[in-house]
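What follows is subunit A paired twice: with subunit B in the first complex and subunit C in the second.
Up next, the complex of A and B:
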């Protein structure tokens, strides 16, 4: 365990150097991502500019929702998305076998040697928007509120990383996983909006089978004092527990999937 | 010509090999379309019509909005060009008696045709069964919708190819995929039709080529444009397509004189 902790900074440093090799392309890519995310947000802005509110949420509240979603996603995905998406290819090509033979956990190696610093674009956009939103919405500032904000953000990041890890790990057991990501991103787009926008069945799915509701809609509703459909009074505690609970599930699933791993054959 | 038909056909056959993914994709799409309709239902709460657009018309617009962008993947076109550049495959294409940009376009159109039939039309049908969908405003509008649809596929394929070819100068295609997404989000009308935009912004967007990808086909179906307007804007759209086809040819010519394949 201690050895792993010592190795992590070295892996990160190695990876940072590799990603900085093409600095110009890196910067252009970051700029493009900021523009793309800003445009998705501009769409919501256009809607609210025309119709004042969306499902009872005003512009500032929606900005907090969107920035919370983007920030939690970016933090969680930097530890999981590209790494887990590429796992299918590692299984197919047999390069995952090489990770198994290293004197360290394949998960630690995969996640930290390929840690994605590209999410800096999401993080900067989200922080700027979040600062603006927090100054705009009337908030009853207190230590409790700030603590809840940070804890639920961490929980939301864990939700993202856990789900991504479980999707990726299916490649270990069944050699394919990438089609699951298109399913994931279908729901992911829904999780940028307030839950009460949707019919009950979609709300139910977003709180159970595909628990992306906990990425932003539930915690931000709690933070701005809006009722949370289906969950009601247990929403505040559910938002805090969702991350740790899913992370534990992801650990178990990763272990199960690695134990089932037999290579892609051939 | 038959070579390009074969490329398109082979792209369809490749898709057929991955049928499981179709189910995952379809489920994801149905959810997405449901969500977009849900947004409009929420906005129309208590109102029967906004700016002369009824809820039923808006739902129909949301359903039609995915017909082009749900079938064709602009990111595949851009990344295929980027990858050919990165791996040096582009040099091999220069030796072949077929045009590389045209090959990229027809193979993606082949995949788009496949997705249109097995993915998009069933998705639209499922959501239409739940929420209902209006028929075309008239036979004329129905026929013109099909013409606009063909034009929409041509325009999105050409714009994506233009974007992809820019990677010969930028040496990254990743950023171009994201820029294209940003432009489609705002200027194609795929989330919000232009009639709900602030006036000036809407007027500008309605004359940029992205408008022909989502907005015009749906507006024609709904009969938002009269006979003359429908024909005139079809002409303008064809003009854009022609201009972009020239753009692709020109960019490809100057790109191919720039190619330096390293190593060997």
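Up next, the complex of A and C:
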């Protein structure tokens, strides 16, 4: 365990150096990401400018929701998305086999050797928007509020990383996983908006089977004092517990999937 | 309609009834055609795959149950997948390896120096892996797998795609490591030359089953293959039937025979022909191992078809 912790900074540093071998491509990719996210955001802004509010949320609140969503996603995904999406390929090419022949956790190796620093573009965009939103909407600043804000953000990042990890781990047991990501991103798109925008069935799905509601809609509703459909009073605690609960599930699922690993090829 | 929603999995048995013991310090070649279950066996021995049945013990441990402990004592080289960091200098991958395996600095430096010299790595240790030739990269992979002094070195097709010079360097190095350091070597290959130069012992598998386990030189006898004899005459002696060899084709001056019995020597054949037949030249061909194996696989395939 301790040895793994010592290896993490070395893996991160090697990974950074390897990625910096392609500085130009890296920078262009970051710029493209910023443009993509900023334009998605501009669409929401256009809608709100036209109708004033969306499901009872004003522009500042929506900006907080969107930036919270983007930040939590970026932090969680940097530890999971590209790594887990590539896991299918690692299984197919047998590079996952090689990870299993080393005296270390293949998860630690995969996650940190392939840590995606590219999310820096999401994070900077989200932080800028978040600062603006927090200055715009009236907030009862208190230590409790700030603590809840940070804890729910962490929980939301864990929700992302756990779901991504579970999707990716299916490749270990069944060799394919990438089709599941399209499904994931469908619901991910929905989770950028307030829950009360949707019919009850969608709300239910977003709080249970595909619990992406906990990525932003639930915690931000709690933070800005809006009612949360279906959950009501348990919403604040549910948002804090969602991350750790899903992370535990992801650990169990990862172990199960590795135990079922059959490899690919002869 | 049902098959659209339900998937039927068919279980493929990659290894069955394969049983062998390998002692410390041996060098064993594991040979078989594509799909014979070679890689599966290596994956089970290295703890990657869990065998569905049977017993497997490597250095006294069940590999998949003690994957980490097993990993410390073995080195693994895959011919077709690199374990080096593509974009970084070779030395960086080695350094990470040192930290993953907790290799004491002095031992690491000593091993690196010795192996680098033997395989001539020094000129490209500081070059990015993506700039190396396949031969250079393979040499680096093998050195890396040995840096932590593994007791067993597994190599899955280590010479695949290499040119003659690189193959030779790799073979000589592996034979030497086995001889001088006592590292047990288990390698799979399609190239019999690998086995001839590295492995005194050969294990052959086919269709998931073990078909031969022994010294390479005993393979021919066990497969019952024949030596080929060609006789060239100054003048055609006409059809010439012999007791010691069977005539397989007659071109007049050139006659081809097969010697089916192992105890028949060239002297016996010559004695039977006698001195008065204007015999000009004799060629006796020992079938090479490739041929022995090809004959075996072909025989098996026709047997399977007729059965």
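Keep this in mind: the second predicted complex is superposed on the first by the 264 of 266 C-alpha atoms of A that agree within 3 Å, B and C clash if a C-alpha of one lies under 4 Å from a C-alpha of the other, contacts with A are read in each partner's own complex, and residues count from 1 in each chain.
One rule holds for everything that comes next: contacts are C-beta pairs under 8 Å (C-beta built on N, C-alpha and C of every residue); 3 or more make two chains touch, one makes a residue touch a chain.
This is a predicted model, so every value here is computed, not measured.
In the superposition on chain A, contact is made by A:18 with subunit C only, not with subunit B.
In the superposition on chain A, A:42 makes contact with subunit B only, while subunit C stays out of contact range.
Of the two partner chains placed around the shared chain by superposition, subunit C is the only one that A:7 touches, whereas subunit B remains out of contact.
More residues of subunit A are touched by B (comparison of subunit B with subunit C).
By the touch criterion defined above, A:33 lies against subunit B but remains apart from subunit C after alignment on the C-alpha atoms of chain A. Overlap of the subunit B and subunit C interfaces on subunit A comprises residues 22.
Across the interface of their complex, subunit C is touched by residues 3, 6-7, 10-11, 14, 17-18, 21-22, 93-95, 97-98, 100-104, 259, 261-263, 265-266 of subunit A.
By the touch criterion given at the top, residues 22, 24-25, 28-29, 31-33, 35-36, 38-40, 42-43, 46-47, 49-51, 54-55, 176, 178-180, 182-187, 189-190, 193, 197-199, 202, 205 of subunit A touch subunit B in their complex. Residues 18, 20-21, 24-25, 27-29, 31-32, 34-35, 38-39, 42-43, 170-172, 174-179, 181-183, 185-186, 191-192, 196-198 of subunit B are the ones that touch subunit A when the two sit in their complex. Within the complex, the subunit C residues that touch subunit A are 14, 34-40, 43, 46-50, 67-69, 71-72, 74, 76, 78, 80-81, 83, 85-88, 92, 96, 99-102, 128.
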